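Structure in structure tokens, see below.
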């Protein structure tokens, strides 16, 4: 049963037994995680060499908005590093003996719980840290450990629970409903464009197994139709599995344990369908979780293709017939952190947009240095902190969009779309429309006389 | 328990760090730089401890093996594995220690290639080598038991080894008997050096008997120690039996030792009030008499403290016995005693520490102790289960009681490597200069200069002179203010500035009091007034300070003057630097002979003697300057004169045989055949330590061989053009 | 004083210097060992090595990253140049190296060294000032962040005084002692504090990347260790 | 084989001119003597000085060098045979065999062998009686250099006779003993002197017994010990093992009578 805990700005499910003795449990979890994962190597380096130069402060949109020193990435990371130093290094142990060093208390954990969910783990600060300290990694780890003592925003845990022990996906869509939706979308496409685009379901041996953010089935049918249309015109071999058709992985936001379980379900579904590749829909964190698949499945994990990459390759290979007329409105592109920060997917969407748009403008800064939408790290689904998300975290983003003058913002990420819509609503940008990339691609595809199917 | 083990291992790694650094130094710099060994003490701590005591301390292996395997005392089987492991590591430590002690350790296998079977050492070496192999084979089944080594070939070897256990054990016992006793036989060849209280033709019997007792004592102490370390209960009743056996062996040893003395008629010597007699009784008491009597008492035997204490007495006493034979009672000159350098001790301790690290490693990974004796699995620490680590969190709940944890794969390496680094750093900091920079020629010991008041005489147009009030003017000439040189210090005048002192030279009635440094580096009474300003000026102004003061040369104990004026203290018979300085006008003359106003005034930069002394080597001179003499110094007085006279004598005798007596060129012809002692002009050079020992302390004015200082008179410089 | 100075220049210096070298070597060795260990266990063996190398190299040239906090970055860069050049290339120190190690190399002119020494002291003060007066850094700083800067300035200041004894109001030997001992202290502290970045810097990017490469089943292993295997979500 | 050669030193003739020392240094290419920690006196025997003039209290010079014993303790002690006694007298040294154990230095009753402590790769150094010169038919360098004929070289028998002749001719000038005739089994360097030469060895009044014999008295027992110990141990093992086995069998039989499961004892096998 959900109840507002009052301690945090978000709702937390408190389970009996976890409430007492939290510091001890936290440290136990810390010990276990250090033993069985690889965070130790980074923590050790960070705990040793942090320069405390505050360069990260200048790159953090949260600190820029609030001006509260507590929001400086380095200081936030120090919350966890201090625990690490105190309990897991010889120097810390010695200092604790010699001086009255700090000890881990409930209040301290509460402070961590609040701070680490203010951070969206966008990892923009890593770029400016002279020592390459990955504050996103620290946030990731801290949330993992906090989750082990029960500090998880309810919104996140509910999603995962739905996925792992509920219907099987975060939006609780039963397979039958999925089939219905797909048929509906097929009809829709037929109706609008007059082409017979298939949504192949449970086709064994398809090259790509499709994992979109499952919310797209409910909220973003255009994106899905765009995806299907691209597959249709390029003749791609793909399928949607009824066993698991959800690319969302909220484990990435609070627990490696959950992430592992979800990723293993993805792996199992691909194996069941004898697919060869994981095709991720337009979603940042789903793509990043998929990229992490080898961590959980080992070296024989299926390769991952993001839909943006697929479409771009098709375009570059000339397999994507486009109409002559381009989209006239001024549009801009928002780089989802999870796709762009490491420099992995930045150029592909731009190339596509240039092909279909008449008035494409860049935000500044962009690509790897783009600001986060403000709802990263899963915070977008925590509705009770909407004011914080849109007014503080999203302020910088709203300014950016305003500066471009674009009326159309392309955000190839389910979370970003939701967050950006709210940001625009709350920051007086009601006339700005947030769309997915494939929504636009769909409009521009030239299905032609052959029904669009490319000569094979 | 785990903490105790961790703490111990940390200390052991620290000691291993010390060992590691000393290893580098030992092999880079040699024995002289690292040990206190001398030609009269060629065997020191390493032989006495690492080899003599090490072998004896490892005697537990063969004693227990005999008890269990030969005499069928199954009850003691639990002691067999640790005892054999201890023995194996002990012998390995002996071998490693030997590598440090041997001058040419890479020749350690030469005894196999070039056996010399008349040498006791050869027998010892062969036995130790073979026994090390036997011990390895005896112990290897414990290794081969390991679950990860269950490969077909290894399993077959394991079975084969099990079959030959008894032959191996018997071979081990025979070899041990041989070399344990032969370690004593090593000293049979030195009847004139080993004190009669220790020297005995049957010393090898004594060594063997004591080794058996020591072996038993080692098993007892080792059991108690590992029980303390790994937190299991020692088997006290069995150990008490071993103690009783040790006591009987010890009584036998005492009887043999005293009986031997009596038989050789040396018993009376033990009762004389000499240091050696006292040492003899102390050693015998601690090593044998006292523990033997104690262990005869059931009350002592049944108490852990009593048993362990008695065993410890035996161990320390028997080590003492080996030290006495090898070092203390072994004759060497009284003025050249031997006391080990800290590095020798640290290397030995480090080797023991390394052996203990290996021991703990084996205990943690193999079934050295029967499993039921270990209440908790020591392997758990490395087993990787977090739960076992979390057991350190056994305190009651609450954040204050959360004890620190160390997890992750790097936790142990992190701790022990820090200890290692710390140990190595400490060791290098304690190294003497010789070990760091190599053995160097002893330099003149230096005392710090003293500041005192002198007078600067005003001078118009010519450089000022520094004067000790009341003393003669120290000559200055030519180039600027000069440091003044005193023939002998005048203690009674130091520090007194008397204005208008009538002793002032040159008609001056007063000088400007200034402070100057009085350098008397080796306190031999010949001092230099150091004019600091002059040096600053000549060396290039303020920034030149670094040239002298920034010779912050670690470990430089010699005169800082000497680092530029490198040859100022060199002893030479004919060339009297001092005399030249005096004759040529004090320090002003430096540049007269040495090149350049700046830079070091070394011999390398000096003019050759015959540059001035043109008549020294005339065209037909009979003086034959020795070309490239062995020591490279100036020709000594004796050589010079001998070169003058003797070469001519020899030449003439050869030229006119029969005309002149054959003995014309003999020393006795000139020096007096009947009193050769007359030839001794002067004692040869003695190092300062020896000089001090003979009452010729360098802090006293050196007995002058020069006579009173001559007034500076005109010095005729041969063909040198007049200036 | 003489004896203390001898001690500081002798055993104390040798200890600190060897501790510095071995301590840094230990960091390098441990990092290499840990990297190898993580790499061996990692489920995902793909590393963007080229990109890591490029990032690392770019960060080793701090001038390329002056964008935010320009003055801070510039001061820091100059400070690093000064404190690296002077101790190694000062003529007096070169003489020391030659004496102690038997190795010699060209020295910078004393005038240049003087300037760099002053630059080191001034930039140290500036860095401290920036740290104190900037709100963000002030709230970030720990004790060592404040303490290390003046500590590093001490040997430079005293060294300058020693090079110019005419303008040194203090006792020469006392200055010398402080000079040597403060340097010794820095040497000892280097492997133990954030100064160890001098050897860890090149590995930080690699380490940050590797930390995302966990062993297969690390999550379930954690669950097992914590006894939470069967727990509901 | 050549006859055993020897050196005879007449200390009454020695003037202490040290020509022998410099000749020795030149001949053997020895380095300069430097004051060292391990030298009491700089003119003591050392790795850079094979022979020296030792001066007694009254300044009387006595030449000190390796005595080249007829039955050398160092040769018998050397584990690898790096030290060898040649039939013609010299005790020579082979650095390639030496392993640096320094047992020779412990064994020498005269304290002659010296070590190169200052070297990282040290060897034992001592007088080798210029055997390379002997092979060329030359005199040892020191003998050749002595201007006083205080040290002469020749067949040992002849030198002994010469020594006795000198003592006989000038009884007031010499003590009535030839040092080295019998000491530790005799030496190849002999002395006639008016001084008591006990200071040349570790202890005055050396006995005539050769030192290697002392060792051999114990070393010769090795085979006996091996056989005795081996036999005793095997016998003990067999006897005790058999006794235990019989006892166990008896016990087993007894137990079988009482219908209890028999356990075979395992003696002499490793657990």
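Labels for the chains are A, B, C and D, by order of writing; each one numbers its residues from 1.
Please note the rule applied: a contact is a pair of C-beta atoms (placed from the backbone, for glycine too) under 8 Å apart; a residue touches a chain by one contact, two chains touch by 3 or more.
Not measured: the values here are computed from a predicted model.
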item	value
Chain of greatest Cα-centre distance to subunit A	D
Between the pairs B-D and A-B, the one where more C-beta pairs touch	B-D
CA centroid of subunit B to CA centroid of subunit D, Å	25
Where subunit A and subunit B are represented by their mean Cα positions, the distance between them in whole Å	68
Subunit B and subunit C: spacing of chain centres that average the CA atoms, whole Å	37
Touching two or more other chains - residue numbers and ranges from subunit C	34, 225-226
Multi-partner residues of subunit D (at least 2 other chains)	none
Where subunit A touches two or more other chains at once, by residue number	28, 32, 35-36, 40-41, 44
In contact (per the touch rule at the top): chain pairs	A-B, A-C, B-C, B-D
Parts of subunit D lying in touch with subunit B, wherever the complex brings them together	12-17, 22, 25-26, 30-43, 45-46, 55, 58-61, 73, 76-82, 97-103, 105-107, 109, 111, 113-123, 147-149, 201-203, 206, 211-212, 214-219, 222, 225-226, 229-230, 233-234, 236-237, 240-241, 243-244, 267-271
Touching residues on subunit A, where the partner in the complex is subunit C	28-29, 32-33, 35-45, 48-55, 57-59, 63, 69, 72, 74-75, 78, 91, 126, 128, 130-134, 137, 148, 157, 160-161, 164-165, 255-261, 292, 294-299, 301, 343
Subunit C-facing residues of subunit B, complex	21, 385-387, 390, 409-410, 413-414, 417-418, 420-422, 424-426, 428-431, 436, 448, 542-543, 545-546, 549-555
Partner subunit A, residues of subunit C touching it in the complex	31, 34-35, 38, 41-46, 51, 55-56, 59, 62, 65, 67-69, 72-73, 76, 134-137, 139-142, 145, 192, 194, 196-197, 200-201, 203-205, 207-208, 210-223, 225-226, 228, 232-233
Subunit B partner contacts - residues on subunit A that touch it in the complex	20-21, 23-24, 27-28, 31-32, 34-36, 40-41, 44, 86-90, 92-93, 96, 103-106
